[in-house]
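In what follows, subunit A forms one complex with subunit B and a second complex with subunit C.
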Partner chain A sequence: MTAGPAGDGAESATRAAAPPVARRSSLPAWWRSNTSRRLAFGYLLLAPAALYVALLVGIPFLFSLYLAVSDANVGEPVATFVGLENFRAAWEMETFWIALRNSVVFLVVAAVFKSLLGTSLAFLLLQNFKGKKLVRGLVVIPFTLPISVSVLSWKWMYDSQFSVINWGLHKAGLIGGYGSESWPIWLGQPHLALLACIGVNVWRSFPFSAIVLLAGFTSVPTEVLDAARVDGCTFFQRFRHVVTPMIFPILIIGFLFDTVFTLSDLSVVYLLTQGGPGNATQILPVLAYQIGIQAGSLGRGAAIALMLVPLLFPALFLMLRNLKRRDW
Partner chain B sequence: MSDLQPVKTAYASVDRRRFLKVTGAGVAGASLLTMLETRQAPAQIKGTTLRILTWSHFIPAYDVWFDKFAAQWGEKNGVKVRVDHIPHLEIPARMAAEFAAGTGHDLILNNATILARLYYKSLVDMTDIYDQLGKKYGGWIPAAKSPIEVEGRIYGIPMYYILLPMLWRKDLFEANGLKPPDTWELARVAARTLKAKGNPAGMAFSHCNDANLNWRSVMFSFGAAETDPSGDNVMIDSKEMREALQFAKAMYDEGMTAEVFSWDDASDNRFLASGIAGWIHDAISAYRTTESTNPAVFKNTFIANEPAGPGGKRVSVSAPIVFLGWKFSKNQQAAKEFLVHLVDNDKEGMIQSTGYNMPFLNDNAKKPMPIIGADPKMQVLQDFPKIVAFFGYPGPYTPQIQEVANLFVLPDIFTKVARGTSVDESLKWGVGEYRRIFSKYKRA
Partner chain C sequence: MTAVAAPRTHRQKEIRRHLLLYAGMTPFLFIAVFPIYWMAITAFKQESDLYRMGNIPFWFNLPPTLKNFETLFYQTNYGYWIINTLTISAWVALITLVTAVPAGYALARLRLPGAENIGIAIFMTYLVPGIILFLPLSRVVASLGLQDSWWALVVVYPTFTIPFCTWLMMGFFKTVPMEMEEAARVDGCGQLGALIRVILPVSLPGILTSVIFAFTLSMQDFLYGLAFVAPGDQKPVPVGVPTELIRGDVFFWGSIMAAALLVGLPVAILYNFFLDKFIQGITGGVGK
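Showing the complex of A and B:
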């Protein structure tokens, strides 16, 4: 009787030990190491995000590629392959080149102003003052307001007759009254109109730049800044040699977001000027919308919209490569 | 006996599917005709749902009336009616989305941007009710077919159009010894005279629908054409067009200010209501707005006939409003019936729009017309149905003309000239843009 339990105990111990060995041997070789399993788990965690990007970015992008090489229009369910015909048609348009030039000007000028204003605002928000939390909340309002509402408000402020900006300038004695030569027609004079559109874009987006920078600034350890201060670094030296290198990845990501948002921003120009006067504010997204949706030529609209890719891709590539080299 | 073979008759080629198709069409056609005769809805539509997409009318009271009207029709006929209002500029995008999804509203209103020719393969053929309504109300005005006719078939029902007449300040004209702006030349003289007194004239040179409409009225009144009657060939490179451009340049230099380059469709309304404008060329919404915002100016604002060009020709380019229906709609019969009922009540619609909606049907355009026939200042609008035209005149309103309008090519030609580019250079640019757009459609 004693043998039984003893024998059972040995058997059960063998059984208890055996299955893991059997399971392990049946698993593929790559799964046996902890590193592989951790990697697989990591990919599993990433999968929802990758799927999201593939569905909401990848598929529309591939679809727009398909549209761009077809004669698709809104009323024709069946499209035929036309090669690069739509791109050729876009290049033949003078308006396309104006839109391309304006898009680049829009992007560069807006980026400069957003950097300056965003950095200044971020430094201001770093300071300690009463009501800081309230102010931090208020500065993001332009970014959070529905764009149609904010742009329509700006449209009133730029009105040729009832502009509150002009009224203020006139009261300050800087310009003449309504009807005088010095009274600016914000949306009617070509260069002013483009600047006015850029101004609204900057006003909407620079709080975003400020918030991104603020997040970066607050992540810099105060000990490092104190050490630099003790070493005699001035404010600009600390900013240039200590803060900027430390927050560089955040700066790049913020810049990437901003570039994409600015280049693809249709609403500001469409609502303010529809690309006028005389195409002075025409930009690629508006032109693509007017041709692709309003006029119904989906193929040509997609081709024009895809022209943004060659503009964006080199910039994205350089920035991401730079980021990788730094090996953060 | 050996000769006996199955006899091939016409019946042999009629299979079940074909039989159902033919009889179905016959029943539908017959019930539609009966419905038109008796004004009674067929029982088939009971228990269905009709979804209507329309714009937010510039006269809000009209929308209130329309929604109630649609609901009452639905109650009477056992149809659940849902009306959605969106800004008219969003309609093309919504149509594209519904077409791609293959589902959406049963009726969609198009305002100014008429997409019937673009989508006609997917739209309900409305030739039957168009012809019936035409017969019933003395025919349609000549311009009615232009935006909706493709290869002899009709793909929409014209509801009304929006006029842009001359709105002028009688008090200012009289104080300066000016004649009413019955010709473009008189309008120019008035603009020159009044600008010097602080009351410039205004017509938008910007990227807005008013600019597309107004400058076409000028060029057509000068005898220029946009396309030939086939709609396939661009005709803007002409002596008359050059004269119209030179005239526009002179009128801008002498009688307007630079703010016209910045205007949207409502800016001229404000310009008139502010009391500054000597005259504007705009829809009567400007006149109505002034009635409530500046009664003193309203009292002195008068409406003129479309100014005549140098040869005495008058052409008023207007914004057409039409209803289209998707072929994929499951409730086409109710949609058609509702449209018939709506056209039957056209005059009530004109009243509710305070004279803003102009009728496409000749009987409804007979004098005195509701509202405008009773208002001495508006009576002149009753003369417009004879001179109404749409984009592409004298050709039809084609997709290529739609693209030209969407890209504001014509206002841009006028803008270039007004800003100092020579007429020849501006026209050369414009002709190039037109031809590029037209050639893409030819290649397609």
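Showing the complex of A and C:
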């Protein structure tokens, strides 16, 4: 093995493999200390990742703040400062408020269904049964499939005339035939369209909720549960006072991840309805894309995208606190 | 087994329990898998078989066909998209590897002052949504002269793979016993020597996991590809299929589903194997 520089002054005298003294003395003073060499090495290793992230996440984030207060356009390279004009324009835009409301409704309704489905699935997967691995593998496919790809399958299932969902409902006698009053046009009727988009989000994320919960449940040591049982706790008491507090940090993280993903995802709505019919499914990410890229108004688009920050902020704050408290 | 009143055997109890569990699982499985089944069966159906509402649509009413796949490869840019996707992902994996592995190591092992906060800061950038970054990044991409080329995505995708994989590698390196490194140092390895000769070889599983995530997370993107890459032959599959195969109101569902299936399924299966690592990565050691 080739020897790197090992040990510093006093130490090296006792080491057989110490490099020659002459070479050593020509090195700068700081290099002679083990600690500073370790730190230099450490920061050197850290630098590429830190720089990449700083240059392509940090600076663009600050740049988006700048865009939001400028009249930047796709066509013109020069932008001038316009103050809060973009925010004022958004404020006065009816579509913006519709998008904001839909984003919040989307988030809340989807979260309710994801928690219900996710919790029940987690309890089922907590049991031991034959074929559990296979079942688990199948049930998480919605989460692992690239989203833009799976949305296409839903678009086909929501087809206005040849929807397989409607075929099933019709054969079950729940709805009339194509063209009748009760034949739902999933992506064409305002309330249904929003529900249809939420459905795809729930479909994609409930396995994630279940797996995160499952990770939480299995992290609770059985001894703790046994101790609680010996002390006379009922199932619900054990659940309420032992399991829930213990898995709370994991729950929070899963919840926050999902919140960030759901609020900022554009693919489901963009691919299913483009925000339509009318503005029935318009959400902030789609609006920001339409205004920023399709209409080329970078400043205004950036302002609308930044409106997500106040919505995301509580989530990010909780996450940060949670990570900071972690046992290192 | 003869009398109903006889005490139930353990085996019978187990069967009963299993039946109940399977019954409980069925709706979940149905919801999760049906859209994929529907995708698969549509991909192999003949065009006219898709629009016969009189028949049961869940199976083939006309003989299955490979025509949809043929159309895909002969009449669209699908071949390019696959090559683009693989090349982009390979570059992203490479960039992620050479940045995230050293960074994870430095943060986990070298007792840097502030390592904890730096680690958290890098991980938090994973949570900055693309929807906030894509407009400024479109300027960055344009100033690099990469607009309308898949290279734009090679530059942009590491913004989410590096934070995630650095975090993952950090957790991984923490599990490698300190003694291994100390032994290497005593044996005369330098800092770098110890890392390359001792730590990296035992960390191969973690490194492989990072590569898989760089690959699969790249394929989960839609927004950046949509915003930065317009030419038809430059797109990756997850962007090309929904934007190029759907023209106005004419849908070639057979080909679209074939395209989605062909790339989506391998990614889903690969990701599936590493899903636990993903969950571990984001939830960290919180629950221990």
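Here is the rule we use: the second predicted complex is superposed on the first by the 245 of 328 C-alpha atoms of A that agree within 3 Å, B and C clash if a C-alpha of one lies under 4 Å from a C-alpha of the other, contacts with A are read in each partner's own complex, and residues count from 1 in each chain.
Definition applied: a residue touches a chain if its C-beta (ideal position, glycine included) is under 8 Å from a C-beta of that chain, and two chains touch if they have at least 3 such contacts.
Just so it is clear, the structure is predicted and the values come from calculations on it, not from any experiment.
In the superposed three-chain model, the partner touching more residues of subunit A is C, compared with the other of subunit B and subunit C.
Once the two complexes are laid over each other on the shared chain, residue contacts for A:Ala89 go to subunit B alone; subunit C is not touched. When the two complexes are overlaid on their common chain A, residue A:Val139 makes contact with subunit C while staying clear of subunit B. Of the two partner chains placed around the shared chain by superposition, neither subunit B nor subunit C is touched by A:Glu223. With both structures placed on the common chain, the touch criterion links A:Ile293 to subunit B and to subunit C.
Within the superposed three-chain model, A:Phe162 lies in touch with subunit B and with subunit C [touch as defined at top].
When the two structures are aligned on the shared chain, A:Gly42 is found in touch with subunit C, with no touch to subunit B.
Of the two partner chains, subunit C is the only one that A:Val212 touches; subunit B does not reach it.
In the superposition on chain A, A:Leu320 contacts subunit C only, with no contact to subunit B. In the superposition on chain A, A:Leu67 makes contact with subunit C only, while subunit B stays out of contact range.
Residues 159, 162, 293, 298 of subunit A contact both subunit B in one complex and subunit C in the other. Taken together, the subunit C residues at the contact with subunit A in this complex read 17-18, 21-22, 24-25, 28-29, 31-33, 35-36, 38-39, 42, 50-51, 53, 57-58, 95, 98-100, 102-103, 105-107, 110-113, 116, 118, 120, 122-125, 127-140, 155-156, 158-159, 162-163, 166, 185, 187-193, 197, 216, 219-220, 222-223, 226-227, 237-239, 241-242, 251, 253, 256-257, 260, 263-265, 267-269, 271-272, 275-276, 279-280, 282-288. Looking at the complex, you find that subunit B touches subunit A at residues 92-93, 95-96, 99, 113, 115, 118-122, 198, 205-208, 257-264, 267, 270-271, 274, 276, 399, 402-403, 406-408, 411-412, 415-416, 419, 429, 432-433, 436, 440, 443-444. Taken in their complex, subunit A has these residues touching subunit B: 71, 73-77, 85, 89, 92-95, 155, 158-162, 179, 185-189, 193, 273-279, 287, 290-291, 293-298, 300. Contact residues of subunit A toward subunit C in the complex are 1-6, 17, 37-39, 41-43, 45-46, 48-50, 52-53, 56-61, 63-64, 67, 72, 117, 120-121, 124, 127, 129-130, 135, 137-154, 156-157, 159, 162, 164, 167, 178, 203, 207, 211-212, 215-216, 219-220, 246-247, 249-250, 253-254, 256-257, 260, 263-264, 266-267, 270-271, 284-285, 288-289, 292-293, 298, 301-302, 305-306, 308-309, 312, 316, 319-320, 322-324, 326-328.
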